[in-house]
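What follows is a single structure, written as structure tokens, with notes after it.
Labels run A, B, C and D following the written order; every chain starts at residue 1.
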Amino acid sequence: MRKLLLVFAASLLCVAANAGKILTDSLYSSVLGRQMRFNVYLPDGFGRDASERYPSVYLLHGLYGNYTDWNKLGNMKPVVDELIGTGEACRMVIIMPDAGGKDIHKVHNGYFNVPGWSYEDFFFSELMPYAESKYNCFSDKSHRAIMGLSMGGGGSAVYAQKYPELFSSCYAISAWLDQPDFDQKGKSMPEDCYYWTCRSVRENSALDYVDKASAAQLDALRGVRWFLDCGDDDFLLQLSMDLHMKMKAAGVKSELRVRNGAHTWEYWHTALRLALPFVSDGFGRQN
Amino acid sequence: MRKLLLVFAASLLCVAANAGKILTDSLYSSVLGRQMRFNVYLPDGFGRDASERYPSVYLLHGLYGNYTDWNKLGNMKPVVDELIGTGEACRMVIIMPDAGGKDIHKVHNGYFNVPGWSYEDFFFSELMPYAESKYNCFSDKSHRAIMGLSMGGGGSAVYAQKYPELFSSCYAISAWLDQPDFDQKGKSMPEDCYYWTCRSVRENSALDYVDKASAAQLDALRGVRWFLDCGDDDFLLQLSMDLHMKMKAAGVKSELRVRNGAHTWEYWHTALRLALPFVSDGFGRQN
Amino acid sequence: MRKLLLVFAASLLCVAANAGKILTDSLYSSVLGRQMRFNVYLPDGFGRDASERYPSVYLLHGLYGNYTDWNKLGNMKPVVDELIGTGEACRMVIIMPDAGGKDIHKVHNGYFNVPGWSYEDFFFSELMPYAESKYNCFSDKSHRAIMGLSMGGGGSAVYAQKYPELFSSCYAISAWLDQPDFDQKGKSMPEDCYYWTCRSVRENSALDYVDKASAAQLDALRGVRWFLDCGDDDFLLQLSMDLHMKMKAAGVKSELRVRNGAHTWEYWHTALRLALPFVSDGFGRQN
Amino acid sequence: MRKLLLVFAASLLCVAANAGKILTDSLYSSVLGRQMRFNVYLPDGFGRDASERYPSVYLLHGLYGNYTDWNKLGNMKPVVDELIGTGEACRMVIIMPDAGGKDIHKVHNGYFNVPGWSYEDFFFSELMPYAESKYNCFSDKSHRAIMGLSMGGGGSAVYAQKYPELFSSCYAISAWLDQPDFDQKGKSMPEDCYYWTCRSVRENSALDYVDKASAAQLDALRGVRWFLDCGDDDFLLQLSMDLHMKMKAAGVKSELRVRNGAHTWEYWHTALRLALPFVSDGFGRQN
């Protein structure tokens, strides 16, 4: 009896012994004029060796969401623990920022600058330096990656397009890469946050970026490892397919996967098993 | 703007339109002398055609658990919806019974009869007829399967051994198939429910069953499709490997998979993607 | 020593015992005016019970290829044996017809009627009745499927569009679904067989078919289970993506997978693991 | 017409452009007194930069086989090309030595020293230095791995046990890790090469090695990344399961996978998709 209980208990401890942890942290943003929270995944043994440096991954949530989504709804922790445990992913710090909230008309959702809410500035000038310094991250391109779902998939792709010198890999899931039908003419809804989300997605179109890129910009895109992953029943599928084909035509290598599924957390949860090895394989490489 | 909102809304509806539902139901058990709850998954469109009959799958929880586990912790619903949507699993009714609770010393956990708690009798004489009748299930072996995790994996295997005329397939995950070190000598703990759980696992050993089976019993085992699935870091792994080898040696075909993982919900969640097509492929067959 | 040798030998026998076989057969085609060969996969135990009927799958080769390709280059046999062994695919007869040859300018490649070579007529009026009768196949839609690669992927899709009453499932791999840039004006190459291959692909465009389909035709398409599978580096990828989106827009459900890979036999070999369970899941269903 | 032909041709070139190549090389072995052939896979662009160094992987064939098996029967090339193309495996040199032949009674099969045929000496003192020097390989443990199938799976495991300072990872497939029933008493068959193969497998038992290992030897085993992969219908399965459990009990971490399959080339072909990322993830690590 005692033996069995010990075995069951030991098994629980054993699992715990290989597990990373998720913390909630925050920083005051002068750009946004408020305290901004984020979650951070730290691998097992983080900080034991004070001189150890970690690659960083930014993991972005979608519309209506916040910094807790990937943990609570995406259940990312056991997958990350497992992949690090086998070596399929290397030990890494995963930063899950906050760029939204449920009430999309009253709260700013999105990763781009809009009047009165310069989120992109916050991300690069405040969040990134704060988190990477505090959590012992490398600070070079070759040890940094970005990924996200839906609105955060679009954010990932556009950030990596605009700042290819900062990210070695980009993994965009079910990505909202453009809002083709957006027409701002005659609109006057400065009060509606969601109007600005859509407008900023249109104005930061990842598709337009490739169409209009200079030779130098295209060359810079070749220095990022691209991966687009979208479900065959996802209402945003056309966007990922279009971006893949545009990049291909422009000589920018990208991976595309269309797996079974729609715009769901089960799809995003399973995407982690592809995404983390992919970004991990890119860390420390010279392009 | 309006268009985009409609698209986002439509996408949510679209997902909803393909989805089954989970109900909580209960029945009064004369055997156990109390009301017994269970969850049941019904596929999309269940009951629309009153004459439609469904295959049934019994999905058993583990020690410390209850009938809500597979839904709440195993997040089974999106996986089942998806597999039925593609046709990888057929439309089926999934019954998730209750055989436990957190306080394992004060509450009976387990699928076997112990003094004062004849769970096995309840299962076959009360739960099965009630659920299958109420939810329009076929009532023959060829349309019934059983699966479960840990204690429920053991329960599945032993039920299918003892009642091979009732189940076409058995899928046992991380299965507690025996308690080899259990020694009842000199024990006197009739008050401790967990003592009885362990003792019943020992006395209903799935390994002993194969060792001691008559030719007729072995032949009956060949009429069930067996699948054992256990993680390479699971503390119960030896049991699944032993059962596979014993059955093989006895001429009983079984599938064995050792995937990456331990005794965790992430393992059991991913097992559903193998399990449901497997049991589904067996429905309606003549062995 | 003797024991070990026996074990090694037994293992080889054991593998052999579960294996189907591939035969080469032929029939005289009055339509084409010549003997036409094909390969056929028969599952283990085929014919043991003379009354057993089998579902049939047509497995089509690509440009430059012939009836031996799927066996010799696609190495289909061990995959089929394995999937039938586990029950992931049901026992089935797989017919691999001949529609080509290496010298594409002098030999007709393709699945459509062209002047002097009415391959489509041969397929439906001669090959299908001959093979299904000789190899004990069911003769109804619900037990017949079609699949193929490249030119054969296009052939599969178009046959299933034009004869939805004959096929329960269609699995098109790396499919050549149209030849958009084909321009026949001013061309006069009746001697060049490849000219006619391209022209027939253009005139039998699977994309045009959906665009121009009547309501009744669309409804008939809904009675086929569609699966499109194409590599992200395949030069034909756009065609599969377009067909998927057109069918979706028209309310015809289809599966799309974009996996890693190009126009290669390794891609097609691995496609079998998805394709055979898919077509198998559709056999015997009422749509 | 011309356009299409160009597209088809371009696609073939495109595939070719990403492909590595396989060469046959040989060296004279003073130890064995004869010329010894081997195959070597070189990644695309090998040698373009003369200063580039590559990790090395030793890929061992099985009983009855030779150095051409993994290429001809295992069709390893397209899988390696693909995995390197996506980054799932890094650029590496794969050395496929020769340790056998079809006539197992007249030709020495095996990776261990036997009277008159000191293969193990040849491997470490002649083949390894020759191949690694000629093909620009790193020469440290952290950039060297070993893998193989059946007899070569056993060879891989035992080599990595005996020389843990030389290999960062070991991936053993369907491994012949011991010959438990071998009894040399009263045998006098010095003429029979196969007798010596079996005897050497018994005397170099990977299972015994763990049982008898000193604390220092166990600690050295912890410096190798272990992966055992064996089919659930493989007649050698018990050996892989036993080694996994023994290592686990001894505190040596190892991965075990039991996938569907038997002792077949299809199993070994698919194993490459797991094996190459695994060994690749270990290159350059400090244990």
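Here is the rule we use: a residue touches a chain if its C-beta (ideal position, glycine included) is under 8 Å from a C-beta of that chain, and two chains touch if they have at least 3 such contacts.
The structure presented is a predicted model; accordingly, all values stated were derived computationally and were not measured.
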{"item": "Counterpart interface for B-C, drawn from B-D, A-C or A-D and sharing over half of its contact pairs", "value": "A-D"}
{"item": "Pair sharing more residue contacts (C-beta pairs) when C-D is set against A-D", "value": "C-D"}
{"item": "Centroid distance [mean C-alpha coordinates] between subunit C and subunit A, Å", "value": "40"}
{"item": "Averaged-CA centre spacing for the pair subunit D and subunit A, given as whole angstrom", "value": "38"}
{"item": "Touching two or more other chains - residue numbers and ranges from subunit A", "value": "86, 255, 260"}
{"item": "Touching residues (chain side subunit C, partner subunit D) in the complex", "value": "1, 3-5, 7-8, 10-11, 14-15, 63, 75, 78-79, 82, 86, 179, 181-182, 187, 189, 194-195, 198, 233-235, 260-266"}
{"item": "Partner subunit A, residues of subunit C touching it in the complex", "value": "232, 237-238, 241, 244-245, 254-260"}
{"item": "Contacting residues of subunit C [partner subunit B, same complex]", "value": "86-88, 90, 225, 255, 277-278, 280-282"}
